[in-house]
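You will see two complexes here that share subunit A, one where it goes with subunit B and one where it goes with subunit C.
Our next item is the complex of A and B:
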């Protein structure tokens, strides 16, 4: 199972995005500045946008979905129950998981942005997809919910998950790092080898690298463990 | 054309010329061929151009069958919309605010410019909202049709209302009570002046018969 970007380019006006690389099974993290083309790449991967040249080749991938940064775009149900069911998810289980059990008959638009985002992500993650593309999944979530989402993503069994984010504090343990810069998508490689080459690394990770630590992954927990291992070694 | 003031003058002159006469509309098409970026001057969504053309076509047909000159109407109004699309695609964020302030001052001018800027931003975000909502429907395996219309419209409407609320709150937080100042920056160029001069000529020729001008 893989998603291969073969000499992929997308042009809109003066902006051009190019990408060549393979997204294999596991958790991929794509970072880049606002406006660098992350969302464009997400849409191309999910086959929602046609490339100007090249192609996105989905091998062994049948079920594909994408989560937009704004959860409102996904709303089709008149109630929270109907909204969760519209993804094919079990409304009671999803509502219970995100603390909305008492609001199953409410209008989804009556929820706060954070609540709606939680409902949307929980509905998506309760289903099985071969390719799950998440555009800014951490936006609108508080710290507790960000940690919950990280755990859910790390525990997701099988499939390809691609996260596009500029989140700088709370991140899940990932398998592969990518960067979008100057209209080019750079494949940094697998973690942990890719970590020292990650220009958009969060400050805590940059500081750890500057101190000579070699974390196994990109989370704060990995830094603490690397530090502890370093002290034990000393 | 980089100078927003010249673009505004061209838009007004050409729209009036195209609406006024067939000759004016024909000259506007010619002007558009010379100074626009052709395909890049059309709306990014083919649906927008399609809906406008369909509405114009139906209105023209109705006019033709009820005794009016539908063909002329279609020809002239299409030219007006062509210029409107061109002006919309050429604009850059913030320039309406600059033009409003430059033309009418820091009080009324700033307010008019701000209202125009917010309207343009709403249009641009509406385009994104419509495209993304359609994609989201597609991802859920739902067909685009009559049944999808209500949730689709609700989502788009909700998005616009939320954005308006956020914008109003932001203005209030920044202490906006009416009027304001802006550092004006315009970039006039030779091509812009040529386009404006020719737009002026088109305007004159649409009102004054060619024979009267050259004799």
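Our next item is the complex of A and C:
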């Protein structure tokens, strides 16, 4: 199973995004500055934009979905119950899992933004996909929900997950790192080898690298473990 | 000083609260009432009960700049230039003054290059920057930012922090899920279930949140490094 970007380009006005590379099974993290082309790549992967040249070639990938950065773009139901059901999810189970059991009959737009994002992500993640593309999944979530989402993503069995995010504090353990810079998508490679080359690494990770640590992955827990291991060997 | 007394509105209940001049960060779980508090401070909604006074005036008599997390929902114009010009044009300022304010605000936020563009061409983060420039263009006394940083990368967030430092507005109240940002504020409010559970300086507030994930990573790392 893989998603291969073959000499992919997309041009809008003066901006061009280009990408060549393969997204295999596992968790991919894509970072880059504001306006660098992350959302454009997300839309191309999910076949919601047509490339100007080249192509996105799916192999063994049938079920594809995309989570937009704005959760309200997904809303189609008039109640929280109908909204969760619209994904094919069990509304009671979803609401229970994200602490919205008392809100099942409310209008989704009566929820706070963070609550709506939670509802959206829990509904989406209750189904299975071969390719799951998430654009800014951590935005609006509080830290409790960010940790919850990290666990859900880490535990997702099989499939290709591509996360586009600016999150700098709470990240899942990932398999592969990518960066987008000025419209060019760079494949940094598999973790942990890719970690030292990651220019958008969160501050806690950069500090750890500067102290000479070699964490196995990118989470704060990995840093603390690397620190303890390094101490033991002294 | 911003003074709140006997406030009740939707989930929110704030019997009494005073905020000094400077940066205030509002933190707390989703659904705790952060956005509700911010919309009342900005004068977008009027409280069901109680009152809010900014230097002795209700928010609607104060020059307020407001930015939401999803500026798509509040922007009015197609072109970036027109959006940033809108507060000045609505105030019937002379053309030369409108131009001056647009250019000054765009330069402050570092988005001069976006002025001729249209919103459709902008990313989520860029839209946030345009909304911030629009809010700053009227020289607000009170700037209210509703989690607008959640779509910004670290470098852009740094540019924004500098722009906010140099802007002359006396009060900046922002809600954020970035605890490192909150740790840099003058005052932190921790909301839960519609109430202000803790209010004070970062050094006063974060120790009470040490057992939660609201404690800043950098503080945790510092202490961890200290222990080893």
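As a convention for this text, the second predicted complex is superposed on the first by the 234 of 234 C-alpha atoms of A that agree within 3 Å, B and C clash if a C-alpha of one lies under 4 Å from a C-alpha of the other, contacts with A are read in each partner's own complex, and residues count from 1 in each chain.
Criterion: contacts are C-beta pairs under 8 Å (C-beta built on N, C-alpha and C of every residue); 3 or more make two chains touch, one makes a residue touch a chain.
None of these values were measured; they are calculated from a predicted model.
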* Given the superposition on subunit A, are subunit B and subunit C in a clash or a fit? -> clash
* First (subunit B), second (subunit C), both or neither: which does A:104 touch? -> neither
* Please work out whether A:4 is in contact with subunit B alone, subunit C alone, both, or neither, and reply first, second, both or neither. => neither
* Is A:112 touching the first partner subunit B, the second partner subunit C, both, or neither of them? -> second
* Examine A:87 and indicate which partner it touches, taking first as subunit B and second as subunit C; both and neither are also allowed. => first
* Asked: Does subunit B (first) or subunit C (second) touch A:152, or do both, or does neither?
  -> neither
* Considering only the touch criterion stated at the top, classify A:224 as touching first (subunit B), second (subunit C), both, or neither. => second
* In the overlay, answer first, second, both or neither for which of subunit B and subunit C A:13 touches. => both
* Can A:43 be said to touch subunit B (first), subunit C (second), both, or neither? -> first
* Pick one for A:70: touches subunit B only (first), subunit C only (second), both, or neither. => both
* Which partner, subunit B or subunit C, is in contact with more residues of subunit A? -> C
* **Candidates 37-45, 73-81, 109-117 or 199-207 of subunit B: the single one with C-alpha clashes against subunit C** => 109-117
* Asked: In the superposed arrangement, what residues of subunit A touch both subunit B and subunit C?
  -> 12-13, 70, 72
* Name, in rising order, each residue of subunit B that touches subunit A in their complex. => 40, 44, 129, 132-133, 135-140, 142, 148, 151, 154-155, 158-159, 162
* Asked: Which positions of subunit A touch subunit B when the two form their complex?
  -> 12-13, 43, 46, 48, 65-66, 68, 70, 72-78, 86-87, 109
* Footprint of subunit C on subunit A - complex, ascending -> 12-13, 15, 31-36, 38-39, 69-70, 72, 111-115, 117-118, 136, 138-147, 166, 168-170, 200, 202-204, 207, 220, 223-224, 227-228, 231
* Which part of subunit C faces subunit A closely enough to touch in the complex? -> 28-31, 34-35, 69-70, 72, 121-126, 128-129, 147, 150-156, 177-180, 212-214, 217-218, 220-221, 224-225, 228
